[in-house]
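Below, subunit A partners subunit B and then partners subunit C, in two separate complexes.
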Partner chain A sequence: MSEQTRAPADVPPVGTDSGTATGPDASAEQLPGRGARLTEALFKFQSLFGLVLVFVAAVAFSPSRGGELVFLDSQNLFNVVRSISEIGILAVGMTLVILIGGIDLSVGSVLGLASVGAATLLMNNDVGVAVMAAAVLAIGLGFGLLQGFASARFGIQAFIVTLAGMQIARGLARIWSGGQGISITYGDGPGQAPVLFSLLGERTFNGLVPIPALIFIVIAALAVVLLRVSAFSRHVYAIGGNEKAARLSGVPVTRVKIIVFGICGLLAALAGIVHAGQLNFGAPNDGAMYELDAIAAVVIGGTSLMGGRGSVVGTVAGALLVGVLRNILALNNIDSNIQLLIIGLVIVLAAGLQRLRPASVSS
Partner chain B sequence: MDGKLRAPVDMVGVSKSYGGVHAVREVDFSIRPGEVHALLGENGAGKSTLMKVLSGEVSGYRGEIRIGAEPVALGSPLAARRAGIAMIHQELDLVPALSIAENVWLGREPRTRLRTVDLRRMVGETAGLLARTGVRLDPRRPVEQLRTGEQQLVTIAKALSLDARILIMDEPTSALSGREVEQLFAVIGELRRAGTGIVYISHRMDEIGRVADRATVLRNGRVVAEFDARSMTAEQASEAMVGRPLHLMFRTGADRSPSRTAPASDTAGSDTAGSDAAGSDDSGADTGAAELLRVTDLVVVPRRPRAGRREPAGISLRVRRGEIVGLAGLLGSGRTELLETLFGVGSRGRWGGQVLLAGRSIRPSDPRRALRLGMAFVPEDRRVAGLALEHSVLTNTVLSVVARIAKLGVVSRATEQSLTRRITERLSVKLASVHSPVGALSGGNQQKVVLGRGLLTEPKLLLLDDPTRGVDVGAKAEIYQLLGEIARQGVGVLLASSEPAELVGVCDRVVVLSDGRSVRELDTARVSEAELLAAAIGTPTGAGAGRDLALGAGG
Partner chain C sequence: MTTTSAGRTWGAALAACALLALSACGTTHENAQPKPSGAPAATKCGADGKYTIGMSQANVAEPYRQRMDDDIRKAAAGVPQFTVNFADAAQDNSKQVEQVDTFLTQRIDLLVISPNEATPLTAPVKRAFDQGIPVLVLDRKVDGDAYTEFIGADNVDIGRQAGQYFAKTLLPSGGKIAVLRGLAGSTPAKERQDGFNDGIKGSSIEVVATADGDWLRDKGQQQADAVLKAHPDIQAIYSENDPMAEGARIAAQNAGKADLPITGIDGLPIESGGIKAVSAGRLSATWIYPTGGKEAIDSAKRLLVDCQQVPKSQTLSTRVINKANADQVYAELNGS
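What follows is the complex of A and B.
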């Protein structure tokens, strides 16, 4: 589902040909009925439909405590959002990269690097939260930009560049941390992190919304708006849709690609800061496989790995779907290994659905 | 297929549509044993689709296919092969890294008793097949080392190895030299005597007259005429293909010329490869104001030469404001490469010569710069290089200007909608909604979208690479009309085309390219289509010289 184009839900299909060519029976095309429109909406917003389905199922199967459904408890719901906030932030960046037909395998490692960076800077270098955040985000941005440059400028596949980046970021995280996790303790003294940073751990906004969830929501909203209104997003979609055509149309393909990888790296670093804050720990080995969870959220969200088709709304719904699914399975004490099986099936189902997508559904 | 079961194959009422666009409709087509049946039609007329139905490459057709009297279902290439139908593709479907022998036997390699691939037998039998096609090649050579013509012969050898009852040849001679063509005709004769039915798709009338028994003409997916191939004239066939008398096709509107009026003698500046070839009868004492593009002795020596590309090797030409200049030449003469070089997407490497745009020396190195300089480019294959087919008409149309119309990076929906509406109305693009996927439009309307995108940039110079390829006749005429209008507004147009009639009908002047050099320049007011053809043929090239004007690739 595209951010930019509304479904031509209430119009007949495009004429078969120019009039002179096809003659009088050009009108022999079938008109889309209500069924066709429903199909179209289903394919464009599949992960939203899926989310609703899973949500309803979660309500139905929720255990209750004192007459209240545990699942619908607001604390529980916000915990669901908290639980997916890191993957969600990664997935937003991943969506952009996948929209240009790329992939970024390094985000999990960059998350680890950033969490180490956050902890080290706060605990060993005695810098404030703002300086730490600026430095760590700059590292993530720079890392992403470099990967984008290597990929776009020299035409190396993003898969390979970021596979290398994944190793490099992980190596840097271990070197920086000395191979040890760094605990974050709070206080005013030297060697302690400013109390402000503990916001990410336990605190909630308005006593309800966990701060990581809030950060995720803000990032997702920004990305949705960016993809909806900006000229930049047109270039992103165009590159994924047909890179050659985009280049010939004057789209600054190389620049856009580099920026997209930069954004993805930046968001991975942000997720790393959130990670460190939630755990009060800088963990050089954390974030492994997160890149795959992020890709899963993107795929469930209906974004095509070929690029040019998809949306952040879908990705957010995809991430939430996984979160809700995990939550309800956990509430029912279903083995976490079974959870893996079920989530695997959901990914296949989502991708399979997109294969059935009719050509008439515009991106 | 045992080679003895020769029975006619009949396609009855076959239709196939892609996403609402009918590629072929209610077509009856038959092939008898031992017959060569030519299939004619313009690009996009449905020839390839019809043959893909027959070779099982597309499924979901309607209608019936019968072998003998027996209806057969051909939904897959395997089913077609079992039925004894094989196709030689125009785009060569060979695996470059594999050897000739491995390609010929791909998927049905002969086995030894140990079930390993019997390399010796494979190589031996391939050598025999190659000998039948009259080419001397080592079957162990990787296909990527072969010339295109040799690769074409390998595909023919592969088809022979299938011992098919029906063999479909889609422009089999497009890359063959004269001698190789003779050998191919000998093979066809041999096959015919053995009772094989052959479908022969080609644009070359002389070949069809020689090799075919019957000819069927398709237009817009329908059969419009059938001829006895031996008595058919080129005019009959062309008019059936085009669907109207040729002289009505190419109306660009009123005569525009300042350009047509005053041909003068050649200037000293364009002392080029072409000037000795005579007929360079148009050029100018005109200076600055009217002259938009002047290319002098353009040479590109690529850093990494790519096979199959003919880089500019001495091209001189000029385009004035309001003038439509054609680029003619055989396939592989370097038309596309010239346009790409001008637009900054050609091969990187050393340059020689000079390109002046509106009096300024330019050396475009990327398309963004070319667009800023006032050029717009409509590439040869809109599906490959022109459009994001899944995206809407709107996003495709405004792509080149979307950054410019944005304020603080934000695109105004109202602005882009009104721009899209304006340009699609001006080009009479037939669409239900600007939000429909552009891939759902017909070829002609898709091409108009690409053209419209270029026009929105308000170019001074429009570079068009075969813009009417795969475009139906009605849209073609509309595009010509539009080019006339644009030129009257002072835009210069450089139009590469593989259709002589189009060049003569639409252009003010035509520059003939050969082997990457401009060899002649013709004033279309004084030259006929036939003379243009002769000019293009008369200049020797490597393969296929003097045989025909290789009219691009088919649809």
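What follows is the complex of A and C.
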């Protein structure tokens, strides 16, 4: 954090080509490509650094029991990872959307729709886990693609499209569920869910690692790889950096945007399945406000809401940072209202630090 | 804020541990700040012990649940052996599961929980119960019977009493009424409606409009505005809680029907609560939905301090609040 705060407070002008850096900062600018990669690495370092800071603080302030720190208890650490796994999965998709300069407010509602869908299909329609998962993921993907299409093809702001999508998905969830939460019970009989699905609520490796945490890690790893090696990645960063320039240089902007929103919807649906599996319950109000937690994780992770800058690693660090912070505050019995204040301050701090960063290039 | 690069490397290693933690990270550390925690064995009891109670609340933003926490705080202040830690899940099942897990990490001696929903909280409550931690479930049951005691009122019964009040007292010769429901998809909204329908069965009361007020005062007002426009001839409104009823009162006044009978549920004994509203004449009646906070601490005391058993279930009785008894009940509930 220290070296970043020492950087000159050079705020990149909104919506202009950030490729032309101004002031004493210009020395940090390099050729596009290599420069972008360098800056990107710096970003990742910064958000990880915040996590390290919070982690160290958590260790320092951890209550102890019999000479052992409660915070570092492996069960507790995995509780932290489990607790952020759903928000983390949402945040990975959200990172992609925000990288192209968009936003997706619908993810919490899509999670609710998927959670209801998973419970209904398993309990009332007696389908298998695979069919259920395929159907629910297809719904999420379709929902995201539609939002991307509306936003990219007709040029409606993503904020508006997904604000509408948020209402629509919530309404669909309420209609599908008949307005009631659906309990999931396991067994072989009709009206019972296959026992396989109960795995989502369990832990593996000697009952230590929660399955949802594994799913989150796998998704995050896939996203990191996607953003490292593919042409798709360059397109995403290019659109976020400067959409017009990207379009002129032959990036299929509309298609990439639609795909990104599709991925985000798909991941929201996945998070919904995980949600229903963890809680043995699918309720129409599930996931309310999760979109904001996901955006918070992305922002703390150092991704710029202007698009074009940021990384999935940063987002994972951001989500973990919030999880660790909440955990250590709870372990010390800090009042829940004070917890809200502290987490709010951390978001502001992270966003503030982001503005102090040098402008970056990506293409 | 500045850290040496050596410290950063060390921290990064720890962070990596948190991220992957495939083997347990070092669980001892010299910087530990020792903090007294409760007795490790939850099955212990006796008057000379110190006990930590974890209170997992579904959503403190609701005045009813805030009052529940306050009741617990007040009652626990009278038991020198008790320390109560409060957690607020902000209406999120996942968050509440996480908070119960954190309590288990802290090795609390007794868990009090007011679940946001039954099924999702069943597993963590069972985890606590299986570890020998007594669990007192307030207001809403979990599934199965892996808990020590359930303390709560019966929403169906309260709805039924309200329905009977409409049928016998308010509109004995029948009439058209509207219903303001709580949040669609929530259990109490359904139960208070089912009970009410049961209570008015056989009477000539006709529910001509049902609207979702989401438990909120402003939503209640909006919905009542619309209902009164569409059905200006309704003779009373049944609201499933007090805040929506208060909102409906404003709507009724705006529609020039200041005398329209409106009833609520909850009857919180606080300044902004339903009992005061009945006393002031804004509500015709309300039914007390007791928090069970005081009863929970009583049970905790019996289990931990007195080493006694508690019954599996304790149903708290409701009572109707009307103009005649409002002030007296208010004083009574805030006195002890």
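Convention: the second predicted complex is superposed on the first by the 311 of 363 C-alpha atoms of A that agree within 3 Å, B and C clash if a C-alpha of one lies under 4 Å from a C-alpha of the other, contacts with A are read in each partner's own complex, and residues count from 1 in each chain.
One rule holds in what follows: a contact is a pair of C-beta atoms (placed from the backbone, for glycine too) under 8 Å apart; a residue touches a chain by one contact, two chains touch by 3 or more.
A quick note: this is a predicted structure, and the numbers were derived from the prediction, not measured.
Of the two partner chains placed by the overlay, only subunit C lies in contact with A:Glu86; subunit B stays clear of it. Contact with subunit C, but none with subunit B, is seen for A:Asp286 once the two complexes are overlaid on the shared chain. Judged by the touch definition given at the top, the superposed model places A:Gln354 against neither subunit B nor subunit C.
Using the contact criterion defined above for the overlaid structures, shared-chain residue A:Gly308 touches subunit B, although it does not reach subunit C.
Of the two partner chains placed by the overlay, only subunit C lies in contact with A:Ser183; subunit B stays clear of it. Look at A:Ser230: by the touch rule set out above, it reaches subunit B but stays clear of subunit C. More residues of subunit A lie in touch with C than with the remaining chain of the pair subunit B and subunit C. In the superposition on chain A, contact of A:Thr204 is made with neither subunit B nor subunit C.
In the superposition on chain A, A:Phe55 contacts subunit C only, with no contact to subunit B.
Residues common to the contacts of subunit A with subunit B and with subunit C across the two structures: 2, 5. The touching residues of subunit A, counted against subunit B in their complex, run 2, 4-8, 11-23, 29, 229-232, 234-235, 237-238, 240-242, 244-252, 308-309, 359-363. Considering their complex, residues 17, 19-22, 220, 343, 345, 367-368, 371, 377, 379, 384-392, 394-396, 398-400, 402-403, 405-406, 409-411, 428, 430-433, 435-437, 439-442, 444-445, 453, 457, 472-475, 477-478 of subunit B touch subunit A. Residue ranges of subunit A in contact with subunit C, taken from their complex: 1-2, 5, 48-49, 51-53, 55-56, 59-70, 72-83, 86, 174, 177, 179-181, 183-184, 201, 205, 209, 275, 278-281, 283-286, 288-289, 316, 320, 324, 327, 330-333, 335-337. The touching residues of subunit C, when paired with subunit A in their complex, are 1-3, 7-8, 11-12, 14-15, 17-19, 21-22, 24-29, 31-35, 37, 40, 60, 85-88, 90-95, 97-99, 101-102, 105-107, 117-120, 122-123, 143, 183-187, 190.
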